[in-house]
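Labels A, B, C and D are assigned to the chains in the order they are written; within every chain, residues are numbered from 1.
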Amino acid sequence: MIYELFLILPMMLIVLGALMLMLLSHREAPLNRNMLSVLILALAFGLTLSRLGEAHSVFVFEAIFGRSFIVDSFSTLFDLMILGGAMLTLLINHDYFKSRHYFDGDFFALVLFAVFGMMALSHAHELISAFISLEIASLSIYALVGYNSDNPKSREAMMKYVVLGSLAGALFMLGLALIYGATGSTELGAIAAHIAAHPQDAHTMLIIGGFFVMVTLFFKIGAVPFHAWVVDVYHGAPLPVTMLMASTFKIALFAVILRIYLGDFAALGDFWSLPLQILCVLTLIGGSFLALSQSNIKRMLAGSSVVHAGYMLIALNAITLGNFNASESILFYLMSYFISSVGAFGILSFLAAHEHKQLTFEDFKGFGYSHPYLAAMMSIFMLSLAGFPSTIGFLGKFYIFTGAIEAGQIALAALGIFVAFVSIFYYFRLIATMYFYDTPKTEQHFGFDTTTVLILLMAILSIWGGIGTALLPYLPTPDALIELSRHAITSLD
Amino acid sequence: MELYLYLALFSPLAGSLIAALFGARPKTLFTGVVTSALLGLSLVSSTILLFYILGGGAAVHVEMMTWMATGDLYIPFGFLVDQVSVTMMMVVTVVSTVVHVYSIGYMDHDKSFNRFFAWLSAFVFSMMVLVMSDNFAGLFIGWEGVGLCSWALIGFWYHKESAIWAANEAFIMNRIADLGMLIGLFLIYWNVGSLQYDRFFEAVVTLDQSVLVMIGIFLFIGAMGKSAQFPLHTWLADAMEGPTPVSALIHAATMVTAGVYLVVRANPLYEMIPEVGYFVASLGAFVAMFAASMALVNRDMKRIIAYSTLSQLGYMFVAAGLGAYWVALFHLMAHAFFKALLFLGAGNVMHAMSDELDPFKMGGLKKVMKGTWIMMTLASVALAGIWPLAGFFSKDLILEVAFVEHHYVLYTVLLLTAMLTAFYSFRLVALIFHGEERYKEYGSHPHEAYTFMLIAMSPLALLAVIAGFAFKGSYIDMVTAVLPATEYHVHSPVVFWIMVIGTQLLVGAAIAYAYKKYQNAKIDKAFEQRPCYKVLFNQYYIPHFYEEYISKPYRELSHVAWKQLDLRVVDATVDGIATLFYKTGEQTHTMQNGNLSTMLRWMVAGTVLLLALGVAFTVGISVVAG
Amino acid sequence: MDHMNVANPYFGVFVLFVLTFGAFFATTVIARLASRAMAAKDTEKLKLTVYECGPEVTKQPNRISPQFYLFALLFLLFDVEIVFMFPWAIDFKLLGWFGFVEMMLFILLLAVGFIYAWKKGALEWHNIK
Amino acid sequence: MEITLTHYLILSTLLFAIGLIGVMRRTNLLMLFFATEILLNAVNIGFAAISRYYGDLTGQMFAFFVIAIAASEVAVGLGLLIVWFKRSGGIDLTTMTSMKG
């Protein structure tokens, strides 16, 4: 009982913190709300960290919740990634929060609610719970997207996201109804038992239901053809929210996708693989087109996030074909994408906070001379996102492609490599813009504060993750990360 | 020895980092001196390694770290100094040290002085990684690194539109080729399970012939990009937009020879697939001739030298393709010395003439620029292949190889090219240094370069003179320890002497003709109207061809794809029937028109599509199973 | 339990989705056809303008305060939570103390939301600008 | 004629189809929210019917959850709609195209 309480303590902390921030929001701020929420997240992070590495798999309060709520090594790792991600997102936007007047207490309460939803998502062992968690996270994010209601773009983005999101939610529920009809349960274990107990060709209804569930999840990660919202919503949302959606929310979504694919629907892998392959191809190509045609950096990064989702779908496809090792590559890729994209967005946020720019390519002309250090770091992030060797992004892609080849998906791996080459064009466009134009502005002073230090940290991580390993023998390495994810995934079996 | 290995490898990196620290500051002489000194250190270490290897020492092999180790994937990261790589190290360090010192003077007035040295040293480091790596992964990292540095250095004067364009062109062409190379590496890894050279070469004999051919072809595609072989050659001439020391170091002596190095390094592979080797040799001979012909009429000093580089790379590929790897490497080395010298001389001339590139606007410069004149003449003699300078020994060997291997067509082509080479080299020398002082019409006031720049160039001049007869013997002894030691001798001494003397006479005649024609040449208008002149002057219209048939259609296509195809596809799937019947013409329904309704329709359409696939698939499986 | 019994008719989901698309296109086409068929063929501009010297049609200004909608929304939200109390009330005796505590927690959470709305001034009727 | 599970399920799917058509056809934002409500309630019918078929009450509990979630979604959506209307004076979604490309 006490142990189980301890297991869910981090989540309770987040909820209580969110409620507290919510109730305090009308007061004059006695202390920095940003730091307060970071503190809460850090506390939860520390509590979760104490469980890392220890193998466990517990259905929490089985008497009350049934088997709908699980705490295992897998969810622990994902909790850490989500909490860490949210923490870094809040910290790196420190300057941005200070520069805009509309970030009051409610904002941080909503962020914490969203984080709670994401954590619950990684713990859900039952589809209704998964849906409710998804909705908690999504509803908070809807509100966050439209938080600056004075900005028409922000409002428009929120409206689009809400309408599309409710359609996606309805599809999820339809799928759930079908699964419930086919198996009589929505608990993942019971579904798996049902699949095992019946012949392969008797699952038509279950598979159709599964498709609808997947459509919703793919909608949320922005796979083509469910991507229409991505660019507009990322563009319209306030920068910190864009970061939260691009990195942390995606991590949580992959938690539930992996749990469904690896744990329980694994036996039906054959059925997913063809549609998934087509989705991969569409996502990789469509995303590249999206990213290529943008003139705003935020929109370009949004388009490229679609492509990155496509890479992870390649690995997902390898999983459906039986190469379960590919799931580590997804985890690693999530981390590498997180590091590089948070860094890149961090620079955008720094600029937006200090110079109030529109963040188009135009604004970056001569950036390499007005801000040499930030420009160098931006180049590192772009290289890492493009998958240039000796960055963490390269390793991430390398694992994904080798995993795909091991699963026999050579064509997809080749397409992935090709798309990676295409991506060099739009990432290098930014680097070229930064260095190949003169600027009338003089060099700006580079000061160390929360934002810049974190950006620097991300840059170092990008490089260290790519080459680090044996240079500094006693530091943890990307391999350690892979080991960690492998360990986490064993708890799903 | 390991210490020297690390010193040779990492001192350029240290220099680059130090210079980068001052990257955005105004010029400080300090950075130039420090990077040059560190390169000198690298040169000394390489020399020590060279003497160690020459003295019969075993190849130095260190495994520095494990780059990736997870599960079945184990990529150690190590360095290897053997007879082949030590040759390359010497070439790289000698030329780059000279170029660094020279650049202190050449870049004297540039406001981005420090940035230049940061990139230049970074380039040297990448190149050292490329040649010293003991596996294909390391080679590829170096390969990408030199590409990146070359991109930054070609576009160094980023305020010039043409420089940006040239940098991007070089980068894109190289990416296309790198894609081929990457596929080759994947094939190797896929079939051998390792990217280590030794593991791969052990496994070569067991692999299927077709696999080997595929690997050979894909690796060579990579080499074609880096070494600017036809049809990816256009970037090299345009890369001359960069500063001249960059052209000397990167686009003449080192980076462009990386392709040759790759083929030489992979010699056990190419031994197994002579048909690919023959293709390499034929392409090489073609490029040699093709590039030389373009150099004949060009009116841009640096481009002429660039085409000559291209042509000499062709020679190297002939040798490598025919299995004479050590000959290719020997020519690579000799070529690096005299070609870098030629470029640096051209740099002096450019400085003197305030960046004028047209040799027709010079003439008679030997009076004011005696030192440069002597050095460029020496380099041109070496390039033309006159005894006893370096070019004679290496180039003549390649001709002999072609002859001995009974490839008489290749031999003839190469012989002709040798004449063309002599002609265009001395056309350039004659136009610049001899004849009337035409520059006076254009109001230039030429002056000799700083003395220390000339002194910096002198080691290259010395090497261009003696590299042939002084080193040939010991070089062959050393390098044939790892490369196939085939002797190429024309058996009949009579034939041999006829060949040698005949070649010398032909080359001499070409030189004489060049002097006669261009000593006092005015621009010959009638000659310029001839079609063959036009074809050559416009580089066989290949850049036009690329622009017209690749770049333009690509732009058109993407435009059409976006505006038309997309419109049609969306309307066909979403609004299809309606638009078929009615030309609504209200507003374009592109994919991202920002309209929520379109988004919703996309979403539903996608769901239905996925569902249809899923159902078709499951029904299919049920039918098969049932 | 014969699951195919359920599965077979639901197999029609797919068919219905296709029909949905058919219906979507059909209604689009019919609407356009109809509007074209019934539209006045004489498209003389003047006929479509506002009558002679008549003033521009003004919209009825929205006299209902937005606050009213906010109230309605809050009512909706809290009202819907009743559905969770209804089954609890029916089985109150069966669930006993455990159920009671659980429901109190639920109501507490609702109360937090209510306090929040209150403090935010969402319930102040006269605060209309 | 006895009304079986099949009939309920067909009803639910028909409703879902109607909702989908509404989602695709409507340009009035309010109508869009109506359409999504129809979608969710179509699913509710399915849940209730299947729950009855299995004699398992959980399905009906799911329906409750769906109602609550639908309400919160609509609350968020309508709240935004009010703001939208106050600022732009209309709720037609064809005006919502300030971002494109």
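Note that a contact is a pair of C-beta atoms (placed from the backbone, for glycine too) under 8 Å apart; a residue touches a chain by one contact, two chains touch by 3 or more.
All values reported here derive from a predicted model rather than from experimental measurement.
Compared on C-beta pairs in contact, A-B and A-D come out with A-B as the pair having more. Averaging C-alpha coordinates per chain and comparing to chain B, the farthest chain turns out to be C.
Chain B has its Cα centroid 41 Å from the Cα centroid of chain A.
Note on chain placement: the centre of chain A and the centre of chain D lie 28 Å apart, centres being C-alpha means. Centres computed as Cα averages put chain C at a distance of 8 Å from chain D. Here the spacing of chain B and chain D, counted between their Cα centres, is 63 Å.
Taken residue by residue, chain D touches two or more other chains at 9, 16, 20, 23-24, 32, 50, 53-54, 72, 93, 96, 98-101, whereas all remaining positions touch fewer. Counting partner chains per residue, chain C has residues 1, 6, 10, 13-14, 17, 20, 28 touching two or more of them. The residues of chain A that reach two or more other chains are 159-160, 163, 167, 181, 184, 204, 208, 231-232, 293, listed in rising order.
Interface residues of chain D facing chain B in the complex, by the touch rule stated above, are 20, 23-24, 26-27, 32, 93-94, 96-101. Per the touch definition, chain D reaches chain A in the complex via residues 9, 12, 16, 19, 23, 29, 32-33, 36, 39-40, 42-43, 46-47, 50, 53-54, 56, 58-59, 62, 65-66, 69, 72-73, 76-77, 80-81, 83-84, 87-88, 93, 96, 98-101.
For chain C in complex with chain A, the touching residues are 1, 3-4, 6-7, 10-11, 13-14, 112, 115-116, 119-120.
Interface of chain A with chain D (complex): residues 128, 131-132, 135, 139, 142-143, 146, 149, 152-153, 155-160, 162-163, 165-167, 169-170, 173-174, 176-177, 180-181, 184-186, 231-232, 235-236, 293-295, 299.
Remark: chain C residues 1, 6, 9-10, 12-13, 16-17, 19-20, 23-24, 27-28, 66, 69-70, 73, 76-77, 80-81, 83-84, 87 touch chain D in the complex.
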